[in-house]
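Sharing a structure here in structure tokens format.
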Amino acid sequence: MQFEQPIPVQWMADFTGAEIRGDEHQLATGINEIHMVKKGDISFVDFEKYYSKCLNSAATIIIINKDVPCPEGKTLLVTAEPFDVYNKIVKRFRPFEPASQMISPTAIIGENTTIQPGVFIGNHVTVGSNTLIHPNVTIYDNCVIGNNVVIHSGTVIGADAFYFKRRKDREVQYDKMLSCGRAVIEDDVEIGACCTVDRGVTGDTVIGRGTKLDNHIQIGHDTVVGRNCIMASQVGVAGVAHIEDEVILWGQVGVNKDLTIGKGAVVLAQSGVPASLEGGKTYFGTPVDDAKSKMRELAWIKRIPELWNKINNNAK
Amino acid sequence: MQFEQPIPVQWMADFTGAEIRGDEHQLATGINEIHMVKKGDISFVDFEKYYSKCLNSAATIIIINKDVPCPEGKTLLVTAEPFDVYNKIVKRFRPFEPASQMISPTAIIGENTTIQPGVFIGNHVTVGSNTLIHPNVTIYDNCVIGNNVVIHSGTVIGADAFYFKRRKDREVQYDKMLSCGRAVIEDDVEIGACCTVDRGVTGDTVIGRGTKLDNHIQIGHDTVVGRNCIMASQVGVAGVAHIEDEVILWGQVGVNKDLTIGKGAVVLAQSGVPASLEGGKTYFGTPVDDAKSKMRELAWIKRIPELWNKINNNAK
Amino acid sequence: MQFEQPIPVQWMADFTGAEIRGDEHQLATGINEIHMVKKGDISFVDFEKYYSKCLNSAATIIIINKDVPCPEGKTLLVTAEPFDVYNKIVKRFRPFEPASQMISPTAIIGENTTIQPGVFIGNHVTVGSNTLIHPNVTIYDNCVIGNNVVIHSGTVIGADAFYFKRRKDREVQYDKMLSCGRAVIEDDVEIGACCTVDRGVTGDTVIGRGTKLDNHIQIGHDTVVGRNCIMASQVGVAGVAHIEDEVILWGQVGVNKDLTIGKGAVVLAQSGVPASLEGGKTYFGTPVDDAKSKMRELAWIKRIPELWNKINNNAK
């Protein structure tokens, strides 16, 4: 997320109660997670093993839970609870704005676009031209829908990231990381009925140009789906996945978070993808394997009784 | 379900056409299934193998399809079709009430709660305070939503139990058991987009305090989910399951009915759970096994060709 | 799809720019895919391997991308792009009609039928009597809903077929085949919450009398589900499948397109059905097998370490 105007880091320190280290005159232009920060951004880290990655990232301002030496040209905001500070900033700069009507007056709708009855379009949403949104679709605040897009009924674009920090010592153990990112649906995408595309935590979840999703599909937060992909019904893709162009996922495939599926890969129905896959190949199984190897494996399994007989005959 | 006021059992006999046995002066205070009856309740049984369980349950009044000796202190309502009698009573005491507006005037909404546009809230629903219900959510009659709850768009709370009695001799073979129970969402729960939490047949389906559900999750009737559980997208839990506290179910896991998953159990993605699981362990596979055993099993499968070669070499 | 009135084939040739061969005086009464054409229909073919099937089908008029000899009594419309011509005809004879209100004034609703708030009913929809449609359901144009039907919230009936032609040479590779068919829900059907039943491409998707669907179920275009079937939650059936009467599909089963599941077959939870299954049997696994064989296979897998030890002992 970018702020509407740059914010003095000293103001942030005062607002959050964090102690400032390093340059006290920086301006914060946005807040982002480590994997997508750029110059001017605030980022945050609360696990020692990610300190070095965060301190060496492009982030200009780092919220951190240890008083480490401040890298040259950066500012630290030291606090016991970086997670809470992050949430406090998000709440202040992207507060939830309740809606008073189905289509927000702040939404921008392109020419020749049809919005059917029962559609909710949140604040600051942009919808392109020649787009068709079928009845009872929900589009949360700040999302971006392109041109020539079709979205079928019951689909929900931009619901919150499913992202919680566990605190086992509390009665209510899961602490929600607030989402301030967006879901971006590029031109010429078609999304089936009863799908969900969650928004990014701080960045964008993207469905790339020309991609077609069938019904009941889940796309997690910060996942980037490339161009001209096909996903059949009931596919689930977790957060922060990267599905490259022209990937085909058949029905009920499940894809783990934090991985890449290479260009043109095909994953057969009901497979489970735990880790990155090379492009241009066909996969099958839970966990997935090269489809042909998997088929051979299934054939071998059927031969176990034959092996058993052979062993017994050998033993005679 | 409890009745609003106690009903004389003689009235029930007259209303249903059942023959009365035992104490004719009892008062019925509610109607419930065997597994959740209490004193004063009506229950019903139409399978001989459950007779003894039902007759020895806490139920005060038993609708039964055989003229068996009436246990001391109870009343029997003898009828050829206990199922039909149950449905007749439910229809009379909890009739379907069509809605004339999106938010029923009989609903009670707490302070600081935000109901976004397009939300349906049925009759006699209670929603706590500081709760946020996103657009196009549906909450059926009589459900209870706690404080600090978030429910995302497209989600349906309290639809009917999927519960049918098969009658092979009829043209329309499946006869619906009417639901009169509720869905209860406790405090601090978050439910993702396009989820379904069915109501209980006669009792409550419960999502326990602090539990977080991702998108596209199915929770069947009368299932009780404990506190601080996590379910990832597209998990399906059938009816009458008991998921204890702090259980984690990863994406696309399927859970059978009538079982218990013990406290703190973790079930890895796409697994299928056919029967009860001990708590505190990690499981994987369809049907699930201890995750490490399952991983070893998968490694062994890949070695079958090696076994084959060994056998052939031994044979030489 | 049938046209409202017969259309002269010469008009079609002029409208589409196709070259006419054979009888120039035919009347086209409808347009349908090969697998469901009847006399009077237009059909189309653009793959050489389907030429003979299409030319020998019941279709009276055939849109084709090669100037082949015209069979006796038929008419050919020869064009480089039969797919585009099909889409042009559908757009002309069944154009998308945007809605201006939640329940179309052209819809026909039967007696004693309850339509809850938030329901969208498109143009030319027919709903029978004694039917109950829960809040926030969407029914697309031209669908047919029978008598004594129950449809739960969030469900979408009649969304477009997921049917695209790939054109690898274009920037936007997937070209949508427009749907002009319907979804037909027969009498006494119950459909759970958040289900999707897509409409046929040119014909009907059918849910047969007395069939009951749980929540989150996907039924693809042109699939015909028989009578008195049961599908548990999160089942997905692809397009052009034929599920015969009294079939039971347990939770999260996936069914491929273009196949038949025979009468009374039972498919256990999470199974994947790649091809046709005989009726009257029980199946399990991905891909499915006879359930008992599959269970034995799973038992054999657990014995591989035992085989390994035996082999090693034999070798000594």
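As written, the chains take the letters A, B and C, and residue 1 is the first residue of each chain.
Here is the rule we use: contacts are C-beta pairs under 8 Å (C-beta built on N, C-alpha and C of every residue); 3 or more make two chains touch, one makes a residue touch a chain.
The model shown is predicted, which means the values in this text are computed figures rather than measured ones.
Annotation: the chain A:chain B pair of sequence copies touches via predominantly different residues, less than half of the used numbers being shared. A turn of 120° superposes the CA atoms of chain B on those of chain C, with the angle given to the nearest 5.
Chain A and chain B, compared by their mean Cα positions, are separated by 32 Å.
Contacts with at least two other chains are made by residues 118, 136, 154, 194, 216, 234, 252, 270, 286, 301, 304, 307, 311, 314 of chain C. Chain C meets chain A in the complex at residues 96, 98-102, 118, 120, 122, 136, 138, 140, 154-156, 159-160, 162, 164, 171-174, 176, 194-196, 198, 216, 218, 220, 234, 236, 238, 252, 254, 256, 270, 272, 274, 286-287, 297, 300-301, 303-304, 307, 310-311, 314. The touching residues of chain C, counted against chain B in their complex, run 114, 116-118, 132, 134-136, 150, 152-154, 187-188, 190, 192-194, 209-210, 212, 214-216, 228, 230, 232-234, 246, 251-252, 269-270, 286, 298, 301-302, 304-305, 307-308, 311, 314-315.
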